[in-house]
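Both complexes shown next keep subunit A, but they swap its partner, so subunit B is in the first and subunit C is in the second.
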Partner chain A sequence: MNPAATIAAIVAVSIASLAVGAFGLRFSRTVSDFYVASRGVGPVLNASAISGEYLSAASFLGVAGLILARGVDMLWLPVGWTAGYLLLLVFVAAPLRRSGAYTLPDFAALRTESQTARRVASALVVAIGLLYLIPQFQGAGLTLRTLTGAPSWVGQVAVAVVVCLAVLPGGMRSVTLVQAFHYWLKLLALLTPVFFLLVALASRDGADAVGTLGAVDVTDWVEPLGGDHALYLTYSLVLATFLGAMGLPHVVVRFYTNPDGRAARRTTLVVLALLSGFYLLPILYGVLGRLLAFDLVASGRTDSVVLELPSRVFDGVLGQALTALVGAGAFAAFLSTSTGLVVSVAGVLSQDLLRSGPGHRHGIRTFRLATVIAVAVGVVLTFLSVNVPVAHAVELAFAVAASTFCPLLVLGIWWRGLTAVGAVAGLVVGGGLSGSAVLATTFGVDRGDWLGVIISQPAAVTVPTTFATMVLGSLLTRGRRPEHVAQTMVRLHAPEHLVLNRGPFHPERTTVHRTEPTARRG
Partner chain B sequence: MSKEAVSNEALEIEDPNIALQNSDDFIELRTKFRKFVFPMTAAFLAWYFFYVLLAVFAHDFMGTRVIGNITWGLFLGLMQFVTTFAITIIYVRWAGREFDPRAEALAQKMGAVK
Partner chain C sequence: MSSDEVRARVRVVSPRTSAARTRVTSIASEIDDQTRLGEVYIVSLMRSQLRLAVGVLAVLAVTLGGLPLLFHLVPQIGRIELFGVPLPWLLLSVFAFAEIIVLGWLYVRQAEKNEDDFSDLLEGR
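Right after this comes the complex of A and B.
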C-alpha cells in the first residue's frame, strides 16, 4: 500500500492543529489564560474540547480492538468513561470550580492547609499524567508502523514534537481550540469509513447487510463476562472508570474553563452527548472487525483493527483516502490527549517544583521549561515500557486516579472531618498500592492466583482501602483539623455569586478577587 | 455535622460565613441538594451494578436474541449510555429549576451585589 496519502494527511492534521493553536494564541495574554483560558469559554466549544481531549488513543484504537478480541465485556469501558463524567459533574465539578484552585495540588493545599499534601498531590499528578501519556505515544508509534511501515519511534517522536509546538506558544487557550477541532475530526474519521463499509457490505450482499452482520459468528461474543473472576474484574473495571474520571488531572482542570456553575452543567450535558455518540463507532468497528478481520485476534494486533479495516475492503484511491482519514483521526486522538496531559503536568511542575520567581514573565517561562521536560520524560518512558494493550494501559491510569484523587476530592468536599494527616496517608497508601499493581502489570508479572487477579484490576481493592485510610487517619488526628476548614467549606458550597469571605486562598494572586465580608450588610 | 464540630466553631460565630453556614436557608438548600442527588446516585449505581450481576448470573437471558445478533446483553449495554444521558438531563433541569433560584434568593438575602 502506498503510504503517501496517509503521511500527507497526518502532516496536514499536525499543521492544522498548530494553525488553530496559533489563532488562539492571539487571545492568550495572561498567566490565567495559560492555565485555564481565563475561564471564559462557551459550553459547546468547551464540551467539544473536553470530548476531544478525553477521547484518547484508547478510545480511538483500543476500544474497537478489545471489543473485537473479547466481545461485549468491553462495552464497560466506554460506559464507565461516560458515566464517570456524570459522577464528576454531580459531586465534584461545581465545588471544585468555586474553590478557585487551578490544579489538584492547589485543591489539596486549599482544603488541608498542608504543604506536604500539596507536594504529594503534585507528585501524583505527574505520575498519573505520565502513565497516561505512555499509551498515547505508543498508539502513535503503532499507527505509523501499521500504515507506513516506519519504526515505532518515528511516530512517538513525531507526536512529542507536535505536542511541544502546540503547547509552548499558547498554553490552555490555544489548546482549547485545537482540541475542539480534534473532536470533530475524530468523529468524522470514524464515521466516514463506517458509512462506506456498511454501504459496501450492503451492495455486496444485496439488501441484506443487516443479515450479513447477523451472520457473524458471535456465540462466544454476545455472552458478556466470560472467564474466571468475571464479577470481580468487571466490578473493579467499573469502579476504576466511574471514579477515575474525576481524578484525572487533565479532565478536572477543564471545568475551570467554564464561566460559571450553570455553564459547567450545560457543558457536561453536551459532553455526554458527544461521548456517547462517539462510542457507538468503536463498537461498530469491533463488530465489523469480527466479520472482516478476524485474523487480527490470532496475530495479537487487535489495536490496529480501526486502521486496517478500510484497506481490507476497498482498493485504489478510495481505500487510500479512507485509510488516510483514519490515520489523521488517530493522530488527532494522540495529539489532543497528549497536549491536555502535558499542559496539566507542566502546570503542576512549574507551579510547585520549578517556580523560579514571581510575575507573569517568569510564570510563562517556567511553564514552557516544564512542558519540554514533561514531553521528554514521557518519550523516554515510552521507549522503556513493555507493550501493554493501549486500552488496558489507560485502565490502569484510571485505577490510580480512582485510588488517590477520587477519595481526596469526595471526602475533601463532602466531609469536614478530613485532616491533612488523613489525606496524605490516603494518597500515599492508595497511590502506593495501585502504583505497584500498575508497575507489576507493566513489567509483565503474571500470576494465576487471586493476587494476580487483583494486580490486573486493582481498583476494587485499592479504592476502598484509600477511603478507609483517609477516614481513619482523620479520625485519629481529629484535634488537628485545618484552621480555616469552616471557611473553606463555605467557599466550596456557597453559591458562587455570593459575595463573602471565602478565605485567604487566591491562586490567581491578583488583588481584584479579594472580597471583603460584605455579607454582614444583610 | 457532628456536635463536636459545632462547638469547635462556637469561637468563630462572629464570622458571617459561619452564620451563613448555620442559617436555616443554607441548611435547607444543602438538604435539598442531598435529598435529590444522593438517592439518584444510589439508583443509577444500582442499575449499573445490576447489569453486571445479570451478565454474570443470567447468561441465558442476556444471550437471548432480540433482533438478529442484538442480544439483551448488547441492548441493555447500549441502554446504559441512554440512561447516563437521561440522568444528566434530569439533573441539569432540576438544578436549573429548583436549585439555582433558591441559591439566588439566598444570595439576595445575604446582600450579594451581583
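Right after this comes the complex of A and C.
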C-alpha cells in the first residue's frame, strides 16, 4: 500500500479543520465566546457539531471491528449510544439549557448551592474526560500505524498537536464549526467506500459469494446472547450506554450553545436522526468485513477493518483514494472528540482550579494554559496505558458517567428533595465504585467469578447504587434543602419568554452568587 | 322607578372586576413569591413534563429494553429471517433507530404543547 495519498489526506483534514477554526476566530472575542460560542448557534449546525463531536474512534473504527468479531450482541453499542441521546432529550436537554450553566460543575453548584458538590463534580469531569481522551489518542496511533507503518506515538502526538492548534486560538466558537464539518466528513468517508463495496459485491459471480458466506453462517455470530453471563453483560451495557451519554462532560457542554430550551430539544431531535443515519454504516462494515476480511478475526486486528476493507477489494487509484478517504474520516473522528473533551476539561480546570483573577483577558489566558495542561496529561496517560483495549476504555467511560452525572442531573432536575449532602454522597460512591472497576480492569484483574463479571461491566450495579445513595442521603438531610431550590426549579422548567424570578445564578460569578441576599416581594 | 334604584344599588360589578383582575395578574407573582398557589402551578408543569418523560422511558424500556430478555426466553427468534436478514439484526438496527427517532419527535411535540399550556395560563389567555 502506498501511504502517500493517506498522509496527504490526513494532513488536508488537519489543515481544513484549522482553517474552518480560524474562520470562526473572527467571531470569538469574549470569555463566553470561548466557552459556549455566546449561545448563538442554529439547530442544524449545532446538531451536526454535537454529532461530529460524539462520533469518536469507538464509533468510527471500534463498532465495525466488534461486530466483525462478535456479531449481533455488539449492535447494542450503536443502538445504546443513540438511545442515550433520546433519554438525554426527554430528561435533561431543555432544563439543562435553561439552567444557564456552562459546565457540569456549574450545574452542580446551581442546584445544590454547595461548593463541595462543585469541586467533586469538577474532579469527575477531569477524570471522565481524561479516561475518554486516552482511547482517542490510542486510535490515532493505531490508524497511522495501520495505514502508513509509522510507530504509534507519531499518530498520538500528531492528534495532540492539531487539537492544541484548533482549541487555543478560538475556543468554542471555532470548535463548533470544526465539529460540524467533521460530522459530514465522517459520514462521507464511510458512505462512499460502502457504495463502491456493495456494487462490487453485487457484481461478483455466485461461486465467490458462496465461498465467503460460511463465515457469516455461524450461530454464535448471528444469534444473540452468545457467551457466559450474556444476559447480565448485555443489560449492564444497555444501562451504561442509555444513561451514560447524558453524563459525558463534552456532550453536555454543547447544550449551552442553543439559544433556548426549546431549541435545545429540537437540536437533540436532529441529533437522533444524524446519529441513526451514521450508525447504520459501521454495522454494514462489520458484516462486509465478515464476508471479505474474515482473517482479521484470527489475527486480532478487527479494529482496522474499516481502514483495510477498501484496499482489499479495489486495486490501484480507486483503492488508494478510498483508503485515503477512510483515513481522513478516522482522523476527523479522533480530532473532533478530542477537541470536545479538551475544551470541556480545560473549561473546568480554568474555572475551578486555575482561576487567578477577574477580567476576561485573564480568563482567556487561563483557559489556554488549561488546554495545554489537559492535552499534555492526556498524551502522558496514553503512553502509560499501552495495553488497555481501546473499545473497552470507552465502555468504562460511559459506565462512570452513567454512575455519577446521570443521577445528579435526573434527580437534580426532577426532584426538589435532592440536597447537597445527598448529591455529594452519590457522586463519591458512584464515582468510587465505577472508578475502582476501571482501575481493576486497567491493571488486568481477571477473575472468573461473579465479581469479575461485575467489574468488567459495572453499570448494572453502580447506577442503581448511586441513585439509592443520593435519595437516601437527601432524605436523611431533609432539613438542609438548598435555600433557593424553588427559584431553581422555576429556572429549569419555565419557558424563557415568561418574566419570572429565576434566582441570581450567573456562571461567570459562580463563587459569590449564592451568598448575595435576594430581594423578595411580600 | 324605585325598583330601578334598588337594582342599581346592588354591588355586583365592582367585586367581580377586582376578583378577575387579581387572578389574571398574579400567577407570575405567586410563583415569584413562592406562595403555595405559585408552587402548585410550577409543580403542575414539572409533573406533566416528568409524566411525559417517564412515559417515553417506559416505552423504550419495554420495547428495546425487553429485547435481551425476549432473546433469552425465546432463543428461536434468532433463527427467524425477514427479507433474508435474521430478525435480531433488523430489530437492533433499522427498527431500533426508527423507534428512537419517532419517540423523540412525539416527545418534542408534546413537551412544547405542555409549555404552551403553561404560558397561556400565566399570560391569562
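By our rule, the second predicted complex is superposed on the first by the 491 of 522 C-alpha atoms of A that agree within 3 Å, B and C clash if a C-alpha of one lies under 4 Å from a C-alpha of the other, contacts with A are read in each partner's own complex, and residues count from 1 in each chain.
In this text, a residue touches a chain if its C-beta (ideal position, glycine included) is under 8 Å from a C-beta of that chain, and two chains touch if they have at least 3 such contacts.
Here the structure is a predicted model, which is why all the values come from computation and not from measurement.
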Joint occupancy of subunit A by subunit B and subunit C, clash or fit: clash
Which superposed partner A:Leu318 touches (first subunit B, second subunit C, both, neither): neither
Subunit B versus subunit C as contact partner of A:Val471, first or second or both or neither: neither
Subunit B versus subunit C as contact partner of A:Thr82, first or second or both or neither: both
Partner chain(s) touched by A:Arg481 [first = subunit B, second = subunit C, both, neither]: first
Touching partner for A:Val90 - first (subunit B), second (subunit C), both, neither: both
Interface residues of subunit A shared between complexes with subunit B and subunit C: 72, 75-76, 78-79, 82-83, 86-87, 89-91, 222-225, 230-231, 234-235, 238, 242, 262, 265-266, 268-269, 272-273, 276, 279-280, 486-487, 489-490, 493-495, 497-501, 520-522
Touching residues on subunit A, where the partner in the complex is subunit B: 72, 75-76, 78-79, 82-83, 86-87, 89-91, 210-211, 213-214, 216, 218, 222-225, 230-231, 234-235, 238, 242, 262, 265-266, 268-269, 272-273, 276, 279-280, 416-417, 478, 481, 486-487, 489-490, 493-495, 497-502, 517-522
Residues of subunit C that touch subunit A when the two form their complex: 28-29, 31-35, 39, 42, 45-46, 49-50, 52-53, 56-57, 60, 64-65, 67-69, 71-72, 75, 78-79, 86, 88-89, 92-94, 96-98, 100-101, 103-105, 107-108, 111-112, 115, 118-119, 122-123
Complex contacts: residues of subunit A adjacent to subunit C: 72, 75-76, 78-79, 82-83, 85-87, 89-91, 94, 219, 222-225, 230-231, 234-235, 238, 242, 262, 265-266, 268-269, 272-273, 276, 279-280, 283, 414, 486-487, 489-490, 493-495, 497-501, 520-522
Footprint of subunit A on subunit B - complex, ascending: 1-2, 4-5, 8-9, 12, 15-18, 20-21, 26, 30, 37, 40-41, 44-45, 48-49, 52-53, 55-56, 59, 62-63, 65, 68-69, 71, 73-74, 77-78, 80-82, 84-85, 87-89, 91-92, 95-96, 100, 103-104, 106-107, 109-114
